[in-house]
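Each of the next two complexes has chain A plus one more chain, namely chain B in the first and chain C in the second.
This part shows the complex of A and B:
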């Protein structure tokens, strides 16, 4: 186990390094002059040249990369193109709001999707089973911004049950904080839960055919015991895999939901940066998101390997 | 997106095992009519495309003309989806906006189809270092959530329909490359490809004559799915205020207006979102149906 962990972490180092190279050159391959774009019609060649020099953008490309990369090692995400302020503290400021929203919505996805999928798989052909596939497709096709808007219009405007957004730190007022998280978390996660349900269903159906389950019923164990001891426990595994797989969609959806609910998270920061055309900020934020994605997937893999003895270490 | 991607990987595997050629089953009109999902999705898609074509030439009201006396009017027989802050008919704007939205999605699919197929075929046909490097690059690019990456490109290019198209090509290309590579690997060592090599045919001739026709059905399924993403992502980027800019109508630009006036004119975001949802649902259904046709044993549908 330890060896496996060490191996995975060693692989991570070249992976993250390649990611920075790829992202940096991907962003710099986009044609056009971002400084002129940012300054708009007021820009003059002198102004552009001065800003370039101040932000170190007149250096050769490889040197710009090296400065960025060396900074990353010290936890320095570079500077903002707009005002030259360091990016790291700005990002750190935004992380709690995003983390809270992501965790709440992951919780909702699993809390809704897992029981549904498990029941559908256990009772194949029942009504839950039959509506699952269409609902999953419906969920995939429902845009997050639309769902979020409908939720605001119904639950915030019409019924007045929840505020239409605005973040309060959990440490300040836990209950109000969670009340405010519920609507955006729901909008972010609800369309992914039928997908989770569908995969849990598939896993459960396969489990029912496993020799150890058949043998258990042959031994005369009660159906409830079999469900609890053999089916339920093993159906938890795919949840892990799916969490890693759906994270990309979740991180993307975050950008939209944070905008809609005025949620001061990393996603909203990305949009603010994009609107102001601060590509240095945006570049670092994309890296942060990608690294989170890679790390969570690593964590999921390791957890999966430690829970499932069939995964070869 | 990720999930769909992995499902398609298993599609490639299943197809490779089930068919002696290793290629996917052909998509015929008859098969589409026989498949309920493909038929429903195809009809919905056709209706959306028809509305976009009509909307490009004719709309009930002029989508750009102000009518201050009738601003923020709710849905009625005169204005099916109500009017906006300037009294413009939202239904007409949705019709006119369909053109830009569908063009962006089409451009995104076409571009990523070309680049993705090229990358995938190169990666799949040339084993060794080229393949190893390309596979790593593709995997890494897929580790960046699509919408986030697209926002990055739009930051540099500025908000417009063309930049959104380019940004989306930069996202979908990797998805195409991945699935095409898997398909090429599945067929590249088949006897008929060996035979072609034995006949001294060049690599490119083999790619064009033997490989591409066999991966075409998978490509069609992938393109359909990507078209649905394209519609959804254009709308999402527009909603963020980074896409087509008002007053020009596109579904994305209507959505940002919808967000601004959500409380005064709730019918605007509801109608614009519904149109996007219907279009995406139609194309997704078509894609799912086509996937069934290409691989009849695919999961979920015929359980």
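This part shows the complex of A and C:
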């Protein structure tokens, strides 16, 4: 297990390195100049040149890359091209909000999708099974931004049960913090719940036909035992696969949802940075998202191995 | 079961059992009007080719015929209860306690994510066996030892996929055996194993019968295995039993042309192997196209030799199933 972790983390090094190269040149290929954009149409070419020089934008691209890359090892992501503030603390400040939204969303996806899918699969053809499929289609085809707006309209504006947005750190007021996370997390994850439910349903239907489940009743095991230790226990495994696979979509979806719910996370800052061509900020934020992605995936794989003895790490 | 009937009453009495599958508009009789008895402490071989209905017959006794199948029987009496009259709770009690099923692919019948030790203690717990965790584990180890697992304590903590094929089958047998069933239905339990392990498992099953007085229905396509461990044999062909008798009688004097053909296709154990292997021409019929009259007729050498008599085409052979050795053939005396 420890060896596995070390190996997995070693693999991350070339992966993340390639990612920094890709990110850097990709973002610089986007047309538009950050300084010219910041100063507006009234600035003089001299002023633009001076600021470009101050920010190091007149250096060759490879040297700009090298400065940023070398800085990563010192935990220095550079300074913002727009306001000259160090990027590192800005980015770090945004991580808790994003992480909280991601995890709450994941929790909601599983809490809604898994029981529905399992019950539908276990009681094939029952009412719950019959309504799952159309509901799933509805959920899958509902865009997150539209649902988010609708949720705000109903639960925040009309009913006033939840605030329309804003984030309070968990450490400050856990209950209020979670209350505020609920709507954005729901809007973000609701598309994935039906997807999960369908997959869990399919897995459960499949399990019921497995010889070991049939034989369990042939050995006279209690129906309750068969449900818990034979069906449920094995239906959990595909959930992990889905979570690992859909995490990317979840992180990407935050760009819109954070905007909608005034959520001070990585996604919203990313939009601001991209609009202003703040190269260093955008590079660093995407890198952070990528690191979160690979780390959560690693955690999912480790969890999978601990639940399924056939998976060797 | 505590209420044992008279000791000379059969353990299992099957009368006019039919299993019918409806697939689309087709109705297939996989098992067609089969009757037999199983006595206490005997191993009865149930021999036949693929699609002869032998496995379905085993499942019918377990009441495990899949959903699409319909089982009907005049009587399916196990000890003193009609199996098909049992409630779900009674059936659950009988399964595991009195009836056990062992199949070919032992690995597939075990929960992949739970240790084999937990699985066998679960069987005991779900049947209300008294005793704490350590007591149940002790009994599991005892049963593992009985099926000759070399390291019973270590095996408890293993997952099914960590065991060899032979060990998997021993563990599966132990799971069936742990509550001391009266009847074990063993469906090709040794087919997937290599020959030496096969011999060990057969010896093990024979030992269980001799020590405990358990009965076994041994389902197989392999006559050599039948000769090795069975007391009696039922030969199945196309959903019916075509010959029944003590193993010695059937092997020495096969009455049905099908049984003779099966025996002829065996390799001799001693002497030179033949230049050409004897095989039964043609394929066994499928359940939706049973031939009329005698079902073996299209492949029967005797039918050809006798000039295709009409009786074979038109009527089912009648048999007297009360004699110890019988065959369902119009021309038993022509052999």
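Remarks
Keep this in mind: the second predicted complex is superposed on the first by the 295 of 313 C-alpha atoms of A that agree within 3 Å, B and C clash if a C-alpha of one lies under 4 Å from a C-alpha of the other, contacts with A are read in each partner's own complex, and residues count from 1 in each chain.
Keep this in mind: contacts are C-beta pairs under 8 Å (C-beta built on N, C-alpha and C of every residue); 3 or more make two chains touch, one makes a residue touch a chain.
Given the structure is predicted, the values throughout are model-derived calculations rather than measurements.
In the model built by aligning both structures on chain A, chain B fits alongside chain C without clashing. Considering which of chain B and chain C touches more of chain A, the answer is B.
Looking at the shared chain after the overlay, A:32 reaches chain B, while chain C stays out of its contact range. Taking the C-alpha centre of chain A as the vertex, the lines to the centres of chain B and chain C open to an angle of 90 degrees, rounded to the nearest 10. Applying the stated contact rule after C-alpha superposition, one finds that A:308 touches chain C and leaves chain B untouched. With both structures placed on the common chain, the touch criterion links A:225 to chain C but leaves chain B unconnected.
In the superposition on chain A, A:68 contacts neither chain B nor chain C. In the superposed model, A:263 makes contact with neither chain B nor chain C.
By the touch criterion defined above, A:233 lies against chain C but remains apart from chain B after alignment on the C-alpha atoms of chain A. When the two complexes are laid on top of each other via chain A, the two nearest Cα atoms from chain B and chain C are 17 angstrom apart. Residue overlap on chain A between its contacts with chain B in one complex and with chain C in the other: absent. Within the complex formed with chain B, the chain A residues making contact are 15, 18-19, 22-23, 26-27, 30-32, 34, 37, 124, 129, 133, 136-138, 140-146, 149-150, 152-153, 157, 195, 198, 202, 205, 242, 245-249, 251-253, 255-256, 259-260, 270-271, 273-275, 277-279, 282-283, 285-286, 289-290, 293-294, 297.
Per the touch definition, chain C reaches chain A in the complex via residues 62, 64, 92-97, 100-101, 103, 105, 108-114, 122-123, 126-127, 159, 161-162, 175-176. Here chain A touches chain C in the complex through residues 210-212, 214-222, 225, 229-230, 233-234, 237, 307-310, going by the rule given at the top. Only residues 1-3, 6, 136-137, 140-141, 143-149, 151-158, 166, 170, 228, 232, 235-236, 239-242, 255, 258-259, 262-263, 266, 269-270, 273-274, 276-277, 280-281, 284-285, 288, 299-301, 303 of chain B touch chain A when the two sit together in their complex.
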